[in-house]
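Would you mind keeping the following structure in view while I ask a few things?
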Amino acid sequence: MPFFRRTLPLVIAFVTGVALILQYYIPHEASEEFLTQLNDWLIVIGVFAFLLGIYSLGHVHATRIRRQAAGWGYSVVMFVGIAIGLGTGIASQGEVTTPDGTLSSFGWMYDNMLIPLQGTMFALLGFFVASAAFRAFRARTLEAALLLAAALLVMFGRVPLGEYLWGMLVGVNAPVAMRDIVEWIMNTPNLAARRGVMLGVTLGAIATSLKIIFGIERAYLGGD
Amino acid sequence: MRWLIPRLLNLDRRIIFLAVGLAILLPIVHPLKLPGLKVTQAVRGVYDRIEALPPGSPLLLSFDFDPASKPELHPMGVAIVRHAFRRDLKVIATSLWITGAGLAEDILQTAGREFNKRYGEDFVFLGWQPQPINVIIGLGQDLYKTFPRDYRGNDTRALPALQQVSSLRDIRYMVDLAAGSPGVEEWIVYGADKYGFKVGGGATAVIEPGLRPFLQTGQLTGLIGAMKGAAEYEALLAQPGTATAGMDALSLGHMLVILLVILSNVVYWISRRLPG
Amino acid sequence: MSKRDPSTALLGFLFTPPPWTRVALLPLLLLCALPLQAATAAAPLIPPQDLHASDWPGDTGHAVYLSWKVVPSDSDAIEYVIYAADDPAGPFPEEVIRIQGNERHLPAGKFPFWAWPKRRDAHVVRIETIPARESREGEEAPRKAPLESGKPYYFKVVVTDGVQRSESPVVSAIPQGNLFNWNRLNNLIYTVLFSVLILWFIARARRRDLYLRRIPGLDAVDEAIGRATEMGRPVYYLTGRNSISSISTIAATVLLGEIARKVATYGASIRVPHTDPLVMAVCQEVVKQAYTEAGRPDAYQEDINFFVTDDQFGYAAAVDGLMVREAPAACFYMGFYYAEALLLTETGASTGAIQIAGTDAEHQLPFFVSSCDYTLIGEELYAASAYLSRDPVLVGTLRGQDAGKALLVLMLMLGVLLVTLGTLFGFEEVATAALDPFKVF
């Protein structure tokens, strides 16, 4: 069995990795077709893996209900939610509107449940940013103070009221507008730091990919 | 004073949440019409390009976001589609996010009704397909093969709005409204660089800074950032919408966070100076 | 009355013509003068010189290019019109493209000097489509058909100034898919160079210890797990939103193995909620192996790794709920995150957990830094497994990465110097060409 659990996956990783590296340098149509086929296979594997996910979800929550573990009611809600979502989706054949143009039950759920719920979760970020900023944006060191000053300037300058107040402070015809300061902060030091991080990340990604292709990194295979 | 310092330093999050909630809700309920909105060059970059397109030419739009980003990108989408319809452009829309399809249809229908535009003749929504990069490359090779049917099930070859376009090579300009990946970068790398059209971007506040390098290098003609960018576009159209209405809330929200941060630092410094 | 001599009469007519003749002669004279004027105002048009057609290099095989010499008479008053057909005898019904005489269409800046000579003395036009034979009913504009790979096409170039026309002979080219994109030669060289560097440092690491600078976030791992053991509360480990094909997710799964081994050794508990079933499948193997290596296979439970949902905010809501109910002592956020990052970390902070994050999503770094106790920035996440295990192979890879970064910094400085000097001393073209090896084409 070690051949199928260790050797064969390593060989597949090596051959596929090298083939995909070479694909980037070969513009021929056959090379592009190879990439397209590989992407299609990735979808197929992903679909099978999704079945694993559904099984895991069902198993974990069924166990919680059976043992009446803490919060088992939420597990019941989860099953009911899956049933309703699946039921309306199948009944509406996945369409958000009926043939006569009215909203289907699936479309109703999308408009009146999914959109407000997703919007609500995203809106929480506004509150969490405020509380995180209050807790963490403290000038404990010189670097932190510089970062804080830049952050306050950008927050101030990115809203119309900030522009207006700056105009009142220095005059409407001042040589430097608030948005110029903000643009400079975002386009110069911020972008430089981002590029530095991106360079390091990209090199790290290449090195990690090479380790996996050459079989140096094998943790993803698990045990024997 | 001493008793106040630790309470302020560890202020209950719920008080902060309440303050933020009031700062956002009050101006929505009672608009303040705060001044100061100025149009930036980045937003003009998209506006001017669309303005320069001859009437009747195609404009490709990609709505790559989900309902969570609706407050920022929906107003942007409505403003751009309104602009396109004003210029009598043929709008060809698609979405690389499955959750964006419903939002795209909504935007097109809303603006379409306003300008009496007809589906199929003046605008088309191609819909969503899996494997976003394959979709872009497929559109670059053959639009009809990639989307034989549109979102409503019509044969794409029979749609008048698509007559001038057989692939991305026939497109001169596109705008991508993105909340993440796949989005603007994918359209630039796999679309514009390969098939030679220009791209304008619209992005949420979180990812907009990451797209600035593309603006600097000219790979993006313009970049509409977040709700403020959408409000600037509405100002250019002289047609205020939901983005403009949200500017008061945005301004007060930002000012509140600035005040909280300043308060936090003042209290922190005082606490460091107090003996014991 | 005397008769007039005919010769005298003729001479008289010629030198003193009667008035009606002047009126009749004037248009005749003008007509004779016109060709002379035209001849002196516009020289005959030179047909395209040295015209040749070739396959476009480094593509999938659906484009060709035409090239012909620039001549002194090229100006914006001259136009070159290209016609195409799939038969050498024609017909050449419609034009493919029309360029002005002062347009070069050279792919300046788009191709490196080793793949395409930077010439200014030639027109170069790329052709990808020709007018389609058939058009659809009711179409206003003629359709274009892409060039087919392997099929010969025939072209002719007509130069015109609106009055004269001059045609070139017919030339042909066959678009073909190429086996190597020479534009990317520099990229291939760097890939090979970097790979050799990595392998060399790995070999070197096997022979001697290499220094690694301290990464505070990773030093805190033991403290975090120890805290979880003392408090009897679980450790939460999140692997991010991306699929297993993402490098950051792979780095997160590798680090999970190290963390799980420590958790098993300390006797604490760990929970790993997932948003991707493939990642979950891989992590199940990783955690099982970790428990076995720690000598605690009995403590392993299948439910350590469990699937939640692939929806972004559904996942955030579910994990937030779990955190509030189970109050983990330590939370690890490793991998690639989007907007849900702050939702997760703020909730974790509210439960009092010690939080360690590691991501290469630079747009989420500010949120992690402000709400977590320690943050691994960018490549520190990839270095984590090497740092914790001190395996020579992994440490060697890290050193190779650093060497690659040093090379990049040198290239950046060289590029800045070249462009600056080029602008100051007027050799921008040379400087720009010298930068080609450092660009992406």
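Just so it is clear, A, B and C label the chains in written order, and each chain counts residues from 1 on its own.
Here is the rule we go by: a contact is a pair of C-beta atoms (placed from the backbone, for glycine too) under 8 Å apart; a residue touches a chain by one contact, two chains touch by 3 or more.
Remember, it's a predicted structure, so these values are computed and weren't measured experimentally.
Contact topology of the protein chains: fully connected, every pair of chains touching. On a Cα centroid basis, the chain most remote from chain A in this structure is C. Here B-C and A-B were compared by C-beta pairs in contact; the pair with more is A-B.
Chain A and chain C have Cα centroids separated by 22 Å. If each chain is reduced to the centroid of its CA atoms, chain B and chain C end up 23 Å from each other. Between the Cα centres of chain A and chain B there is a gap of 18 Å. Looking at chain B, one finds that residues 13, 66, 68, 209-210 touch two or more other chains. Contact of a single residue of chain C with at least two other chains is seen at positions 313, 339, 362.
Of all residues in chain A, those touching 2 or more other chains are 32, 118, 121-122, 129, 131, 133, 135, 137, 194, listed in ascending order. Within the complex, the chain B residues that touch chain C are 13, 66, 68, 141, 157, 160, 163-164, 166-167, 169-170, 180, 206-207, 209-210. Contact residues of chain A toward chain B in the complex are 32, 36, 39-40, 43, 96, 107, 110-111, 114-115, 118-119, 121-123, 126-127, 129-131, 133-135, 137-139, 148, 151-152, 155-156, 158-165, 167, 177, 179, 183, 186-187, 190-191, 194-195. For chain C in complex with chain A, the residues that touch the partner chain are 58-61, 149, 177-181, 184, 187-188, 191, 194-195, 198-199, 202, 243-245, 247-248, 250-251, 253-254, 257, 274, 276-278, 280-282, 284-286, 288-289, 292-293, 303, 305-310, 313, 316-317, 321, 325, 339-340, 342-343, 345-346, 349, 360, 362, 365, 367, 369-371, 377-379, 381-383, 385, 393-394, 397-398, 400-401, 404-405, 408. On chain C, the positions that touch chain B within their shared complex are 128-129, 136, 138-141, 143-144, 146, 312-313, 338-339, 350, 362-364. Remark: chain B residues 11, 13, 16-17, 19-21, 24, 34-38, 40, 66-71, 99, 102, 105, 130-131, 133-134, 137, 209-210, 212-213, 216, 228, 231, 247, 250-258, 260-265, 268-269 touch chain A in the complex.
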